[in-house]
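Structures for review follow.
Two complexes follow with chain A in common, the first pairing it with chain B and the second with chain C.
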Partner chain A sequence: MNETLFRIMKALLAFLLVLSQCLLLTGCWDNKELNQLAIIVGAAIDKEKNNKIKLTVQVFLPQSQSGGQQSGSGKAQVEIKSAVGTNMADAASNLQREYSRRLFWGHCKTYIFGQSLSEIGNLERQIDFIDRHPEPREDSRLYVSDGKASDILQLSPSLEKYVGDVLRKMSEMHVGANITLKDFELMVTSEGGGAILPLIKIKHQNNDDRKMNVSPIIGGTAIFMRGKMIGRINEVESKGLLWVRNQNELPEITGYPKKGQTISLYLKRTKTKLIPKIEKGKWSITIYISKEGMIVQNGSKINIMTKKNTKRVENYIEKDVSNSIEKALNQVKDGMKVDPFGFATAFHRKYPKEWEKVKDHWEVVLPDIYVETKVKVHVLEPGLSTTTLE
Partner chain B sequence: MHDKGKITAYQMALMIYPTIYATAVLMVPEITGQYVGRDSWAAPILGSLNGFFTAYVLYKLHKMYPNESLIQYSKHIIGPFLSKILGLFYLFFFLYMCGFILKEYSFFIGISLLPKTPMIAIIGSVVIMASLAITGGVEILGRASQLFVPIFILPIPIFTIMLLKDLDPKNVLPILEHGLLPLLQGSAAPQAWFSEVFLISMFLPFLKDPEKGLKWSFISLFAVLLSLVSLNLLTTFLFGEMTASYTFPVFKAVRIISLSDFFEHLEAGIITIWILGAYIKITVFYYALVLGTAQWLNLSDFKPIVLPFGLLISLFAIWEFANLQEQFEFSKFIFPFYVPFMLTVLPTILLIIAKIRTRNTMKKEPPRISNY
Partner chain C sequence: MFRILKKRPQKQHPYEGRSNRNLPLSSELDKNLQILKSIYMGCIDVIYHPFLIAGKTKALLVYIDGLSDTEQIDSSVLAPLMSKTIDKSITLQGTCEKIQLSNIRVVKTYDDCIMNISNGNPILLMEHEEQGAALGLAKWEKRSIKEPESESVIRGPREGFVETLGVNISMLRRKIRSPNLKMKKMNIGSYSNTSVIIAYIEGIANQSLIDEVQNRLQKVEIDSVLESGYIEELIEDNVFSPFPQLLDTERPDVASANLMEGRVVILVDGTPFVLIAPVSFFSFFQAPDDYYQRYLISSVIRIMRLFFMLISVFLPSLYVAVSSFHQEMVPTILLLSMASLRESVPFTALIEALIMEIVFEALREAGLRLPKQVGAAVSIVGALVIGQAAVQAGLVSPLMVIVVAITGIASFMVPRYSEGIALRLIRFPIMMLAGTMGLHGLVLGFIGIAIHLCKLRSFGVPYLSPIAPTIGREMKDAFIRSPWWMLNTRPHLTGRFNKYRQAPNQQPKPKK
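Let's turn to the complex of A and B:
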């Protein structure tokens, strides 16, 4: 009897010991309650005087969510504050002085860099914070603003709760370049060192209501060489650039058969291949792009239901595609002498020995490389109409 | 015999798998990446050769002295005095390794989950759990790994599938751009981890089916090889040359998983699963230390020294490295020589001496078969 009692006691004691480990599950020293955190949902970094930066953050206000009635657009759900510091970590700790709760970066998925900060170079020194600090995420998206970055955060968009959400959703829809922190790092450290970030502009809808319903738009692309922004291109050229990078932009492309006539295709599939070639010391690269889609508008006199005319339609669209690519190549490859297209990587992969010789003066070699674009558009369906009303 | 438990060869294989893999998964991708860049997937293949060799040597030794561990049978090979010194070396090595693993464990947990928690709390909690298992003996270890290791293997295929859309297989090209030398340098670290298969020598005497010991050790090594190659491929597909610039590339890879906007921030779950494997690794080394000490001192029971050694290995863990950089440097430059020397070279020398000795005795007394 005594024996069994002893064994029961022993089992109970062991059980309690195991149970006591549960106390550790709360993470004693590291417990974070929601009401101890100031959750950052968007950050903007601008250049300041004396080599300093200004960090502007949007902090989510949890109070405005409570209370039964829909507050709608009346009350802002985010608060914007900024602080100056020598780098991001320093500015963030200065900012902390203004908050009763600990700033939490885990939900900040949008980082906007001011144009002037990007242009002085060494952007990677600021990005290092996002990369190294355990809280910010690798899939955060980076942007460059046209003008001051903090102005973008001031906007109060109508559909989403805060600007960061607008930008992130746009990027996910492939409006403009969709670049995460990891993508940017890979581009900056790649062979060519050319990188891109989407460029944000502000568009005022109408004049009488300046602050409200003003939304940021992604208008073009900022071109980087390593950590330095050296130029920008507009929407048409960005489209071309992104196609070469095997990324999608918005799915509609329009071709122009004759002046005043249009025909639009909704792309379903698109694929890019870069084939580099070195022949007798001459470097060239061929861009093969194939696209498949459905006609969504026929604003021309072409009867698209015949096989022969479908070919013609395809040709018009192909012309439009190669046009934007040509423009992008002109601007970026020849003008800025940067390679965000991935040409250097393609050469390195196929010709590692030849690459070894040119890798230190790639920017000299780059403009001389002959680029051939071969676009193949395939129209799959005519849409739901066969003829036009004309 | 200090421990009356019996395990199967399959359970031993399950113990060896996390013993090699649990910490290799943290450090090996970064270290190999530094030397071989995008060819890091090939480094474990070269490195595993040492693992297979070590397992073979120890199995041969075990065949000659079936019921004893290396600490015990060394006295038949090199005499009682030298064997005591060798045993002391091994015990100190186990003590050091326990500290090494615990430190690595606490650094990783500290960076990823619990930055403010004092190291002693992280180390202490796992040491208490490990000492509980060890007091139960080898059977408990076998059962625990049978329970935990299948869960521990699971994350690799799962997060490969989840990352599928981010992977770019072209990142591995061009293959072996700078020749074979970087690959050899890069495989130095994995081969050190693979030599930890030495721990089978502590478990082979407990096997119910000792004839399957070598087979299951090889299967276990092969599983580790497969896991490391696939993980290195995964990080290269994902990060390309950037892999070496992250402290824990696999952890970074897990953080990138984001499926349809709500299935993300998975790292806490992955770490929880990883802790199961790390726990087995700590327990296996801790057990080797405690059992080895009991055998070395000819104690009748090893249980009374479990907790005191727990305190000692916690202290070692705190003393060993001042920061993670130091540990990485150690793992890069000293670990690849120190560990294989203890775990591969010394047993090989023992095996050669033992072979020569048995041959000599056979010559002297032809009819008698050695009954060591």
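Let's turn to the complex of A and C:
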């Protein structure tokens, strides 16, 4: 046997030895096969007695599809279970006792907090689990439920496979506030400390109380001060609040030229600027909002094809926009004395020295700040038809 | 077991090599005949034909039946020599002048004689002459020139090399008519005595490269060379690498194109496959069509080839890594259906992938060797077994079938079989790494391959050039195929001694 062949054989043998070790190693290190996991697709956290919480999870039940015969419904089979614990990790580990497979948080993208839990405060202590545990995602979305959070998970939606997906897709479409875990943390730790989360309600359709016809809707916004929920606002006020925050809600705005007449604009571009000002010790802030869009419905007698009338239409819509902003400011700034608008950040940036003086009693200063809203709406196009049928 | 790993003292190799029969021919015809007969003892196909030149001088014609053109021997050699019209001076030279042949060489030793007889050239020996004449009458059954099956093209010449060296040389010469196309001949194989030819273009190919190829070929001592693969393994740079370091081709146009880029072509008698050296990794992704189709299309296809090359190596590993380590990387909906599909599979993803990939390789190999009529049956059975039965039996998930199918198709995108099979082979260790360490393993495997490829040389040329070392202007023919009016220079590493291949600024444009 010559030496080269020897070397080849030696190298080959060593290589195969190493590879065979690899085979023995499977299942050791970090390996978790798909069919050893219980995939969580949604979670709800509620208040429980004795300072405890109840964690409800929606777990995906994979159904074997051997033979390639797909089940006709296409509905994912989900199972809902809950467990009580002192915190989320504790509850999760209690929940694990009920499962033969490891609970996997990597695909849980919606976390719903019960209203009562949120109102106690210190929500950030629960959120820390989502943030710290390696599996849950930073881009998962947080919600507050009107009532018990676990009830939301029980719903079976008609289009998507599970509730979590419905909520996430609605948020991505900018129905209500679109707040991820990261956004919420940023808001809570920002200067003002005001934060918002979308509020979920259950809507019964046709007064039919069967589960099939019940769907979750995002109805308004929950207002937080640091980790404590202190109030809620409705859809119209949410729209105003989000516009001030330079975020979008659904793109249609409707103006009312006269009683019974409507005209709707579909927004294509929108921009918000906050300009803070301190003059002679008087704090004020100007909100510049510009919106551009096209008219999608003209339910009025205005002939929108003339330049002059376009201006009128723009005025009506501007009025509607500033109306919702006004309402939001009234409710949140003056009523709740919370600043989720970002005023504090704006002041801090422009007047850092003055900010230092007020930052400890911001909630006292906030209601006295004079807010001026300047809305500019621009109609880009009148849509596909010229005059109305009338 | 560990005894095997221990080094053993090397034994003296008992290889005999070529025996020396370099004796000069005798002037006695009978003695020559006797010696030749003793050399060719037991060879019934050797024919000794004694005859009288002009009825006076004894002469002998020795040839092998079936290797020489007997009709020509009769009409051009025997007829004129045996006629009585020959004048008095009957020397070898005078005789040769009478023979109606253009290709006559003088042989002086037995070794020469044997070589010529084996090649099919009849030897003419005469009384009182210490030398003989080798008549160029070699003729045997040849395969006709056909389209090479392993390298078919949509557009381009349809001829392929054949098993006969002379025909192959003529095909090269027909493509490159310059006298600068030079060839060096050597015989390798103590028994087979195979002619091996190094072809290159003087003034383009690097002289030191030609010397190196010649040196390496001269070191080869083997009993027979039946295919160019024999010497490929004996002259390559790294014997442990799965990657081919010489390009083999059946196409004269590919060989000529490489000659024009300063490379050396090694032709071996008895095989249509010629070897090209030096080559780089990207040479194996250049299909002949690339240069005949429009450059845009060629470029897109070439990029696709490289992309699918990556897929063929890494896709099964990626699937294994993601489905058993990094489930959070998969989009939720896809993960849920993956989980459903994998629910009834009893194996881990790694075992599942290994089973399917090995079955696929087996099917491919089985289909390759079988006759065409049976091959169809195998592919049908294979498709049914892999595609349906395995899924229905719950052995593998349908997703795995898709992955294997895509991988299989991707691996056939590599235009060169030798490179494709190497890439197919290395995906198994990477799969195991991915199955044990997840994406870390996959990355490790990738780094390992990259290091190996960076280290690899083909006749001194870095295998990964022009990426490593990075030669910017050589990218023109690596990932894309630049238009011909931009390919002004030859590849730097092989063609820098004659840099320009065409005049500059040839991009067609309107006259100013």
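Just so it is clear, the second predicted complex is superposed on the first by the 346 of 390 C-alpha atoms of A that agree within 3 Å, B and C clash if a C-alpha of one lies under 4 Å from a C-alpha of the other, contacts with A are read in each partner's own complex, and residues count from 1 in each chain.
Keep this in mind: a residue touches a chain if its C-beta (ideal position, glycine included) is under 8 Å from a C-beta of that chain, and two chains touch if they have at least 3 such contacts.
Everything quoted here is computed from the prediction, not taken from an experiment.
Participant: Looking at the overlay, does A:Lys182 come into contact with chain B only (first), chain C only (second), both, or neither?
Facilitator: A:Lys182 sits against chain B, while chain C stays out of touch.
Participant: By the touch definition at the top of the document, which applies to A:Leu384: first (chain B), second (chain C), both, or neither?
Facilitator: The answer is neither, since A:Leu384 touches no partner chain.
Participant: Tell me the contact category for A:Asp30 with respect to chain B and chain C: first, second, both or neither.
Facilitator: Touch status of A:Asp30: both partners.
Participant: Which partner does A:His348 reach: the first (chain B), the second (chain C), both, or neither?
Facilitator: After superposition on chain A, A:His348 lies in contact with chain B alone.
Participant: Which partner does A:Leu5 contact after superposing on A: first (chain B), second (chain C), both, neither?
Facilitator: Neither: A:Leu5 stays clear of chain B and chain C.
Participant: In the superposed arrangement, which partner chain does A:Arg137 touch: chain B (first), chain C (second), both, or neither?
Facilitator: Both partners, chain B and chain C.
Participant: Report for A:Leu159: first if it touches chain B alone, second if chain C alone, otherwise both or neither.
Facilitator: A:Leu159 sits against neither chain B nor chain C.
Participant: More chain A residues touched by chain B or by chain C?
Facilitator: After superposing on chain A, more of chain A is contacted by C.
Participant: Does any part of chain A touch chain B in one structure and chain C in the other, and if so which residues?
Facilitator: 27-30, 106, 137
Participant: Residues of chain A touching chain C in their complex?
Facilitator: Touching chain C from chain A are residues 1-4, 6, 8-11, 13, 15, 19, 22-23, 25-35, 37, 39, 41, 60, 62-68, 76, 104, 106-107, 109, 135, 137, 161, 165.
Participant: What residues on chain C touch chain A, complex-wise?
Facilitator: Going through chain C, the ones touching chain A are 4-5, 7-8, 10, 13, 239-240, 323-325, 327-328, 332-333, 335-336, 338-345, 348-351, 388, 391-394, 398, 429, 432-433, 435-438.
Participant: For a test of understanding, state which residues of chain A touch chain B in their complex under the given definition.
Facilitator: 14, 17, 21, 24, 27-30, 106, 134, 137-139, 182, 185-186, 189-190, 348-350, 352
Participant: Which residues of chain B touch chain A in the complex?
Facilitator: Touch residues, chain B against chain A: 111-118, 121, 125, 128-129, 132, 170, 173-174, 177, 238-242, 245, 252, 255-256, 258, 264-265.
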